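Both complexes below contain chain A, partnered by chain B and then by chain C.
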Partner chain A sequence: MTALSASHSGASILSRRNGFAGALSDSFWRHPKLLLLLMLTPPLLWLGIIYVGSLIALLMQSFFAIDDFSGVISYEPTLATYAQLLNGANLDIILRTVLMAALVTIASALLAFPIAYYAARYAKGRWKAFFYLGVMLPLWSSYLVKVYAWKLILAKEGIVTWLFAKLNLTFVLDAILSLPVIGGNSLSVSYLGTFLVFVYIWLPYMILPTQAALERVPGNLIEASADLGATPAQTFRTMLLPLALPGIVAGSIFTFSLTLGDYIIPQIIGSSRLFIGQAVYAQQGTAGNVPLAAAFSVVPIVIMGLYLTAAKRLGAFDAL
Partner chain B sequence: MRSDRGQRSPILLKLFAAGGLLFLHLPILLIFVYAFTTEEKSFQWPPPGLTTRWFAVAWNRPDVWSAMALSVQVACIATAIALVLGTLCAAAVSQTKFFGREVISLLVILPIALPGIITGIALRSAFSLFDIPFSVWTIVLGHATFCVVVVYNNAVARFRRTSGSLIEASMDLGADGFQTFRHVILPNIGTALLAGGMLAFALSFDEVIVTTFTGGQQATLPIWMLEELIRPRQRPVTNVVAMVVVLVTFLPILAAYYLTRDGDQIAGSGK
Partner chain C sequence: MTSAVRFQKVSRHFGSVRAVDGVDLDVASGEFFAMLGPSGSGKTTCLRLIAGFEQPTAGAIEIFGERADGVPPYRRNVNTVFQDYALFPHLNILDNVAYGLMVKGVGTAERHREADRALELVKLPGYGTRKPAQLSGGQRQRVALARALVNKPKVLLLDEPLGALDLKLREQMQEELKSLQRALGITFVFVTHDQGEALSMADRVAVFNNGGIVQQGTPQEIYRLPKTAFVADFVGSSNLLSPDLMALLGGDRRWASLRPEAVRLAGDGTEATVENVSFLGAATRLAVEMHGTKLHVMLPAGADVPGVGTRVRLAWNRQDIHYMDDAA
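Coming up: the complex of A and B.
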């Protein structure tokens, strides 16, 4: 026995392979690090150099400022651009976007929970597949087509107005539209419209992780809770919600982040007041103030950084 | 007898769930109706009449065709790049443990975790820094960057379910690394790669935010649609194109679903 293992430790039992491919294969086996390095180099070059490189180059620009008189960027490190970011109008844009993102996230969570709960606990077999595809298809179908569909729906001559008229409820719609901040001429030019479209577009991103978290709750646990005398409301509050929370938080990462950076929805459906994405777009394009655009794009990065740190503490990444 | 079978759901929950699904699907179905409307100037509902003549009009529009061709071309190249990079990353992360694995996962997810506008503007300023002219390739570069993640996610999930002992068995039976890859690893991860590739294609075919920054004069189909949305020229044609886009993107999604559906029965997963 000892002699056998001793003879093994000296040389391999198999002879070396012939040819270039064989030798290459052997050397990969002997040096797993080499293979790993070869596998990682192309993606790291692409993502690490091209992508992260351009990100850093962009963020650096936020520490430069544009000269007020000549309109030329002066390449001296300064915090003037950040001071500009925090003045009244720009701060308004940031607050407006964050508030919208928060409201959209809450509304999506409320809408997503019953769908996710039903799909996770009651849908079986064919119905389960039906629910899964029912969420996946809207999630993956064209973003612009979905926005376009809502432009059709919310237009003044569109289906919503028609529906309210058919139900003799036009006065309700008019009352909603005459509300001070969220109203407007028609739904398609109001904050309410923007909000509706945001919720619609990002809702599937909330349903899927919530459902994944709820799938892991055994049905017997809910019954056990009922057997022990808990009312449905108590079961929900003390058991179901805490167990589903990581999934909801994971979903909220998507809804929050996507709303923060979107510039197309508020441009097509909504009032003329800007969101962060639109401000970035306008600053780098027509205004030509790249430093301010860069500073604006730092805002979502910082907010998402804080958000992700908090989410990690709540265990959201295990639910993805 | 387990107690968690054959449960009836509360009627209110059922209504909420059905309502949620309807909310998700009705707007898309509405597009199909509008593609047949006779109304040209507004989004009037209900449509005053139905016609199929807009399909012919859209068919004869060269700008629609060139946008469609560019979109398909970009999506194909970006998917191919994403397949290679995503598979390499997934193999490295799931087969070995090394320092900085977490960083790699973060790096792959970053392009879709950050708002698209940031990716777009970062790439654009990098292009202008190095005087790279806008072309099909600048669009491809942007698309491939965020397509890697869907391939990576699919491949990592499959690698996790594929038993490592299969690879060891293949090596023990005398296959070299390349033979093992061709005969053992590839058949196991093949459908996952196909599914990931289809999702990457759908993602690229539909992407608009990054493309507005990385595309110059060339218009992909989403860019064409965005222009029609902001400055409508012929609304019925937009309706028809929107309907076609919905149908075109549904196919790869359904295919990807059926390819990964039976994922639990992968060879060696029971061990």
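Coming up: the complex of A and C.
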């Protein structure tokens, strides 16, 4: 006790740090809002001007229209471009893309849940590391390389055709490919192929948030549910699913919006019919119709807004 | 009397860890039964074996005469109040309480009526629309109790239900639980590491150590006649007297226990030195040193309290010396 007090007797009680750094940290401590302002200004400027600002500039383009004869943009506010957006061919593109995005999201959720559940509840130590590696590893390699690899895998001369042939199941593959709309000459030129590759590419974005949500469900809630008489199926429906839903919705925001905007996968793998991303690319590039391209890019934003509103109404975020 | 829960040579091993090892247990119907022991003694695993969260490695478990091993928790008419309550965060209080009835297919109106009644029983009427996060610890504890009781279980399991509450609330809940159990006539099996709680609430107590039951009996038996030094030490904060000390005092050369309140200050007795004095309100506790052994002496309120360092003489009645089996 005496040794303790003796060692400190030299120092004053309210010791001050000298110099500029000391004064600075003291004044930040007294004015915490000043520090917050200093920290937030650069990222807010970045976000506000470069990100949101340019997005608004783009969206404003959609309220202009292109002059059919001269091909020059007339800067008069008009809804003509939106009328053009809703004509037959363009509406087809929108519906095709939304349907694909919805199916990709549903398939991703169905595939992701068991994996995420295993990782959250059972995987420990080394297996957990293996899980993260397995989910993240595909994200580290180039997106284009993966898509081209899939083109080869799904091609008529590719490994899938070969595998079906080896198993004497060629007739199954032929039956699948002869299905109307989703079939085609080979998987690599069919909607089915586009769908498979979309699911492959976006699956990690569904697994990770679902796993994070399931991780936050305490194990004793599942025990409590069983204790109160709920069968495993009832526990899943009334407990696990509602509590995992914010994670699944977060994942679906990724899979849905990424599919809505992607223009590379459907261009490399699939029938030559356009998706929204490709339409934007074509309109602002070769066609030179920037207003229509802008109108097309409004579509995913509006759809995501509607989707999130609906999800909120249905109580998807109640467990947050 | 029918047994509510019966264990016959029940073991639960986790790899090489023998969490529960050869436990025989018999809980009578309508009884308030406490399982008391330090952490890791196997009491919670026993509770989980009754609930069905664990399956025995060996032995047989019967609940009201029916074999329970292999029966999943959701098919047992047994409910648990969890240590940290385990309320469903996404449901409001009413739906939490009605959960058991909901999964059994009871209609909305009826199960909400039952849940309201259960909330009244635990003195939380009108809290139905709140979420668990909006309640205090004590209130959540009551909701957990209502959620279990609404299913009218044959056996109610309570896993350290009062552990997270502050002292005053804990004492109040002890009394309420006891009167609730009397009123409902449900068998309560209660796990605790707090010997005061076990002694004050239970009809019978089983003291656990190292995966087994060391002693079973009424609180009075456990307190007055501990079988082993472990029980004496854990249950009563009793004084342990070594065989050598007993020989020196003129008794048998065996381990013995002597309760602090049985020791008194006397003019003629064994000499001891006061080392510490703690005022406890209703009594004063002296820590004394006698022939190299530290003892506690509980003086009733109003008695003269000697100062630290003074020499005193201690005396006790011969029948208060209780010999035990071993020093384990």
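Keep in mind that, in the parts below, the second predicted complex is superposed on the first by the 263 of 320 C-alpha atoms of A that agree within 3 Å, B and C clash if a C-alpha of one lies under 4 Å from a C-alpha of the other, contacts with A are read in each partner's own complex, and residues count from 1 in each chain.
Rule of thumb we're sticking to: a contact is a pair of C-beta atoms (placed from the backbone, for glycine too) under 8 Å apart; a residue touches a chain by one contact, two chains touch by 3 or more.
Computed from a predicted structure; not experimentally measured.
Superimposing the complexes on chain A yields a three-chain arrangement in which chain B and chain C fit side by side. Of the two partner chains placed by the overlay, only chain C lies in contact with A:238; chain B stays clear of it. Shared-chain residue A:135: touches chain B; no touch with chain C.
Once the two complexes are overlaid on the shared chain, A:220 sits against chain B and chain C alike. In the superposed model, A:230 lies in contact with chain C only, and not with chain B.
Of the two partner chains, chain B is the only one that A:162 touches; chain C does not reach it. Using the contact criterion defined above for the overlaid structures, shared-chain residue A:300 touches chain B, although it does not reach chain C. With both structures placed on the common chain, the touch criterion links A:152 to chain B but leaves chain C unconnected. Chain A is touched at more residues by one of its partners, and among chain B and chain C that partner is B.
With the two structures overlaid on their shared chain A, chain B and chain C come no closer than 6 Å at the level of C-alpha atoms. Overlap of the chain B and chain C interfaces on chain A: residues 218, 220, 223. The touching residues of chain B, when paired with chain A in their complex, are 2-4, 7, 9, 13-14, 16-17, 20-21, 23-25, 27-28, 30-31, 34, 42-46, 81, 84-86, 88-89, 91-92, 96, 98, 104, 107-108, 110-111, 113-119, 121-126, 129, 141, 144-145, 148, 171, 174, 176-178, 199, 202, 206, 208-209, 222, 225-226, 229-230, 238, 242, 245-246, 249-250, 253-254, 257, 261. Interface residues of chain C, counted against chain A in their complex, comprise 51-53, 72-75, 78-80, 82, 84, 86-90, 99-100, 102-104, 147-148, 151. Chain A meets chain C in the complex at residues 218, 220-221, 223-232, 234, 238-239, 242-243, 318-319. Chain contact summary for the complex, chain A toward chain B: residues 14, 17, 21-22, 24-26, 28-29, 32, 35-36, 39-40, 42-44, 46-48, 50-55, 57-58, 61, 111-112, 114-115, 117-119, 121-122, 129, 131-138, 140-153, 155, 157-159, 161-162, 200, 203-204, 207, 218-220, 223, 253, 257-258, 260-264, 267-268, 277, 280-281, 284, 290, 293-294, 297, 300-301, 304, 308.
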